[in-house]
């Protein structure tokens, strides 16, 4: 029931003003005391609530998985651990864990995917963040291709994938160390590039700061950047863009 | 002529191997000695070459404006000064300068614009970067709405624009100081939000670093970030997304 | 008219649902196009709208001063310049400018002040930020005492003011360089201390960063910190606390 | 006996000058050799001495708990571990440990609390710092309400608590990641907001630096900031303010 | 077969255009799915592919060692662990591990080395990075001398090695803490100095940042710098220079 | 009159308790309102009050110079400008200005100097900070030798001054860029070395931060560091040490 | 006369021990009081003394140019200004100034150049640092080719220069903003690449810090890095390497 | 035998030139291959060689302790662990370990100490660094007094120790968190203050950076600073100064 309808019912007298005032305040989230599950979210943004598992107390985590699973029949969590997997599957036995991407999820088996998101990485060590992006995009209904280990220090590897890149609606470019992958990719294609700096590297990479600065300062057009190792965020934005393209 | 065609002509003998080798190497840019104008760009990325005016030596700047204008009949430059305007208009009299956005351009008069990009700012001091974004998006064919001075310290101002925000294909959120605008906007809408940190602020804002970190660390989904004050970059990405939506 | 009243009128039929929906959305700010003056603010927070003059375009600035002055009969702006003073006083002749604090204001002549806010500084170079704090607090109705140049390198100067410090409802401690004033003051008194780091210093003071870190890391209890040189913010918080004390 | 009284007794001859000189020097702290317990503190600042447990050698810690407990009948320590709990309760069996807030304390059972401090968090991961703040404020006699998981990425959750926020004497806003909670809260209320950045986040959150900068640069009025994860400091300042309000 | 030859065969008809187009695209790397081994590398740069072991998943690591060893008869990996050694030697029994340099390699037994690379360190704690440099240079065919523990705080130790330094084609200067070794060495010799900052130190050394800044700001001529602890990179560049000298 | 004497007079009745209480509070500084001149300083620390000219408002500066000159017959100010010289000499005609060190002073003509402080620099651009140090030390009575432009990139220049260095009671080592001078000097001598980082350099010298970090991380013993460009501070400490040596 | 010879003459009695001791100490630099010209340098390192003009006092600068010119018949200075040119040419009329590279020099007219150094830039704004590198290398006898404006955002421009790059003995890669040029170049060639980060950019480029970090973290082999904008340093190292190659 | 004597013997013929040349080169350090023990040090600087234990490989550590102990009859190491203690005492049974200061040493039992060094700390957590300073100074022959837990948040604790501070030849002020102890102490005394920032704190203390900046920016005169937690360095400098005072 939306505000217009509500007000019309007040006029008709089927709802009392006091009651209406209360309804106007009550927003559709479920309050677990310590957490407020945002079931309104799917309506508001087109994406269901997901779970950032890292650091969640055990009891909270299990209850959150249960609640979302009960309501939606599926649930996606990121940054999970093997221990959290053990824990959650006692309550939600369908849950599966991927140790590379650290995604812990139940997914509708016959989900239809559409569009074309490409996820590429500079090196093999960037694959965990890339898989977080790719699987997030897939969970939200995007069709995803992966092009891994095509860093700019051997530019011919990247150039040989040019056609595949050119066909994407959105490209997620995942790279650590000096993080130049996004710039080169963006110079080759027409679609937006979401750059994900990773914490891969050592010394003056400062846990991803160097790659982040590289990407933020990119001299190429068409790049925007998410947080270090934030594959989830990139997969989410890529899906938003992909959905616009396939509408 | 693409590579396949070229190779077929080699087979037919209409092109000699040596000549073909040369053609394979020659790429369609114009070499001014000090600069390489990338006319191939429009084909490759769907966007024409633009000019970053800041710090360009006078003679270079004028010649670049002339070359692009001659070829495309229009030209967009960012971060220009009044002095550069004086200079360029001797060679390209049609050029106009907007002191707020610092854009120096000639634009086709009857450009058709489509789609829906919203550009919003936290404060009035963020308007220069916002205008750079808005006018860039317009130059590249996007229809743009502006919602200025709706920062999160008075959240009611932003909430009253909720419907307008919800109708966008892409939102550019421009904010300095603590830079929280992007997060709140992204929590309200379905479309991607491009966040532009600005150097507005003082003290520990560190010329935009604080706003950049806020945006990169956003706990909302659907945000990606460009460089501090990089309105051009945001307008460019917003156009890419808008084009996908209106295709 | 509050929401309850509005809904009752909908029930009575004196307001139509559509009209009510519109009213619910319309919030009491005045839209100047480029800026949204928040006249609702005084009701919501107990403080009127003020003006951050730095970087405001001339035409905007003058109009904002006029609008606020017309409505409130007084107006306070910070970080103003002599040039802005010249400009504004053409439209609002009553306006006065203090070159130390850089405050540009019209103030009701017989404002009653109450409570007890103490503003102290480490050195003479911290006086501009201190005066911004003191005059802001006075504008919002606080009685203010000033204790300047009592930095911790000559601790006896500070200790001789102990009684005066002890009588305050709130103390604003303004210091640059190593910024230790707040810690020592907080160790001597019962009331909250608002610490203002200043950009005074050179070398590794990094324009106030050193003082900011010192204050944030204070080992004393009862300190909280505002931005570098943010006298206005400190004067504002001090007034909030002072008001609670004199209620 | 204060200085005036002391001097009068010197005049009367009941105290010898040498003895008086000594008394003037002796300040009421207890010297444990390695630590100086500041029993004078309660008189000077209105708050008893507390214990920062982190990194304290075992023998020191136990002795400090004993000394304070003996004198005051209660004792509050922060940043304790389960191991420290085991240790201290051998000497002070009444001591209880809360693993969320990491507070290790004995508290007078029938402590009367007054006033109204609200503690709110952006997410569930911010609860440990929030509980440190809430329990500290309660220990020092404040009545505290908790509003958790109302971060700005889903602004409706926060807005539905508007009335509760508006009734506070002081609000403690605890948030990590981009840390924008304080700004939005401060825009809604009349009372001071103490912002606590937390180290919650990853990547470019830099262990709370991003949230700290956001809060320090807040464009809202009425915010001041304490150290990253410093719930104790915020609870302390909130109590100071609350006491002024309920005087 | 190079492009010229390929095109001549197209002309002759021995290769079809379609086939030629495919060949032009296929570059000589082996795609393991997750990684692209760059066997073309030795031709392109004169150096074979090596392995950065840190963080490589076990299965990947073993397969990469096998592939390279099969093809080249030798293989060099850096930043390996004892556990990785155990793992790899099940597949490649010849592999040996040096716990100081953390190099895990098979090397042709009678490799001829030539030229003169000197590797020197400031302290004994810098030896791991120095050995990574020295053994890398040796693997790629350089003759290497080591001069360890000659830091500038006891300048006579360094000066007594002056002749040995003067005879080098390239010097690798490895130092942590304040990192001044490179400057002093470069002031004594004619050949290029590659400076390697190390993460050795504590406090304000910030894990090598201080040494990195020292070296980048060197007032001596003839210094260039690689990443913190990047012995491999320094050994590589030193070999490039040494090869030019002995050509 | 000290506290003991004061108390004895109270006992005798020559001073009333109230009066005594007041005297105990009154400390020997002169309050100019905006500044508190610390005439007690010479007694407490053995050094007279000096003036940090940078940023002092004109009227304040002149009055401070007058007050100190009247009382002490001499006065030393640092970081002065030519304009401040013009201003001050109208009130204190004896004042002289040195544009290299930016010292503005009146000095007793026949000051006896003793001991042995050596001030050395890495380059010629470090001379301003070095002269500030040298002249400060001379003002406070130290005999000073200067050894300039002996940076470590040409270590033989420094080594040839070895004897002169060895004779010092304290050495001030002034250097920018990579700032390694202090380390090498400290390795050669027995006396303490005060290192002064300077803002000389460019790029990654970050206005002296690099030199500061180098010096703070020095692997030599016997170095301590003052702020960037803080010649005054170094000259002061050097004098303290020199005085101890010549006592 | 070397040490061996000297000692033999002491034995023969042609040189007295005292005299020998003196000779051992006297090193061949010319002491101007404020500066020590290092004429020994050419012998020691194979390169003559040059002048870093920035910030040199006028009188010093002129005398240094004169001394070096008198002795060597040529002189190279970097970071000069037009004003310094005016000044120096009164004393050394042959001196010429290039406003792009800011080099102020007299150069032997028929200098023979050999070898092959390539200097390339990412954009046109990087040309000043590139010219400083190129002209420095030429001054020291290297043959230099320039390839400007071949940044990685349009990778085809760079790839078309592949052969030219492959023929170099050393490549200097000059780039600001995200600074990825060095990595891509190093992946294409066999010779060492000296990367020069420039301060070109804005926002989060932090005056070259971003480019510096990118280059230091390069995932390509064969790169080493000099200070931000340090074209001179890169030209110097490139010459050292080029000399080894052409020996 | 010094150089003069050596040369005279060459003249007399008792030493051959070749032999003399060799002797001139041979400096009195003992080369263990991986480390160069600097036995010349005691002569050159008046202090024997000490050992920085952290990170030293076991075999090296034991051999170094043995060598120094054999020669000097005593040995001091810092930053040792319990494990290193176990190891070393097998070879040098007299060695004792202090777990607070982490010093591992053999010390001559009847060492005469003289002078007066005061070591004070802000809190109890700063005691480890303070003890490293105190015991180092004692090892090198200084008489040391300790004043612990006198931080500036309770300034009366510090002021009551005023006389003890005033009697020192040198004060070492050790403090973490906001690190203001050094400034207040330096304002009270005549002697030099060596400030040691410690890594004590959390959040924005950034492992001691905040305290380091505070101390470097101190507005008091007479402070110089050593590295974070560098008690050894402070104890060393304090001894140098103390020796000058007691000469």
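As written, the chains take the letters A, B, C, D, E, F, G and H, and residue 1 is the first residue of each chain.
In this text, contacts are C-beta pairs under 8 Å (C-beta built on N, C-alpha and C of every residue); 3 or more make two chains touch, one makes a residue touch a chain.
This is a predicted model, so every value here is computed, not measured.
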Report task. Enumerate, in label order, the chains that touch chain B and chain F alike. Result -> C, D, E, G
Query raised in the report: Tell me which of A-D, B-D or F-G has the interface of E-F again, with more than half the contact pairs shared?
Result: B-D
Query raised in the report: Using the average of all C-alpha atoms in each chain as its centre, how far is it in Å between chain B and chain C?
Result: 38
Query raised in the report: For chain E and chain G, what's the span in angstrom between their mean Cα positions?
Result: 25
Query raised in the report: What whole-number Å value describes the gap between the mean CA coordinates of chain D and chain G?
Result: 58
Report summary line: Averaging C-alpha coordinates per chain, one finds the centres of chain D and chain E separated by a number of Å equal to 53
Query raised in the report: For chain C, which residues are shared contacts with two or more other chains?
Result: 154, 187-188, 203-205, 209, 212, 216-218, 221, 227
Query - Touching chain combinations (by label order) - result: A-B, A-C, A-D, A-E, A-G, B-C, B-D, B-E, B-G, C-D, C-F, C-H, D-F, D-H, E-F, E-G, E-H, F-G, F-H, G-H
Query - Residues of chain G defined as touching chain F within the complex - result: 25-27, 29, 33-36, 38, 40-41, 54-57, 60, 79, 197, 199, 207-209, 212, 227-230
Query raised in the report: Touching chain E in the complex: which residues of chain G?
Result: 44-47, 169, 187-192, 194, 212, 216-218, 221-227, 233-234, 236-237, 240-241, 244-245, 247
Query - Complex interface listing, chain C residues touching chain F - result: 124-125, 127, 148-150, 154, 156-157, 160, 200, 202-205
**Report entry** Interface residues, chain E side, partner chain B - complex
**Finding:** 3-4, 7-8, 10-11, 13, 16-18, 20-21, 24
Query - chain B residues touching chain D - in the complex, by the definition given at the top - result: 122-123, 151-155, 159, 177-180, 183-184, 186-188, 201, 203-206, 209-211, 213-221
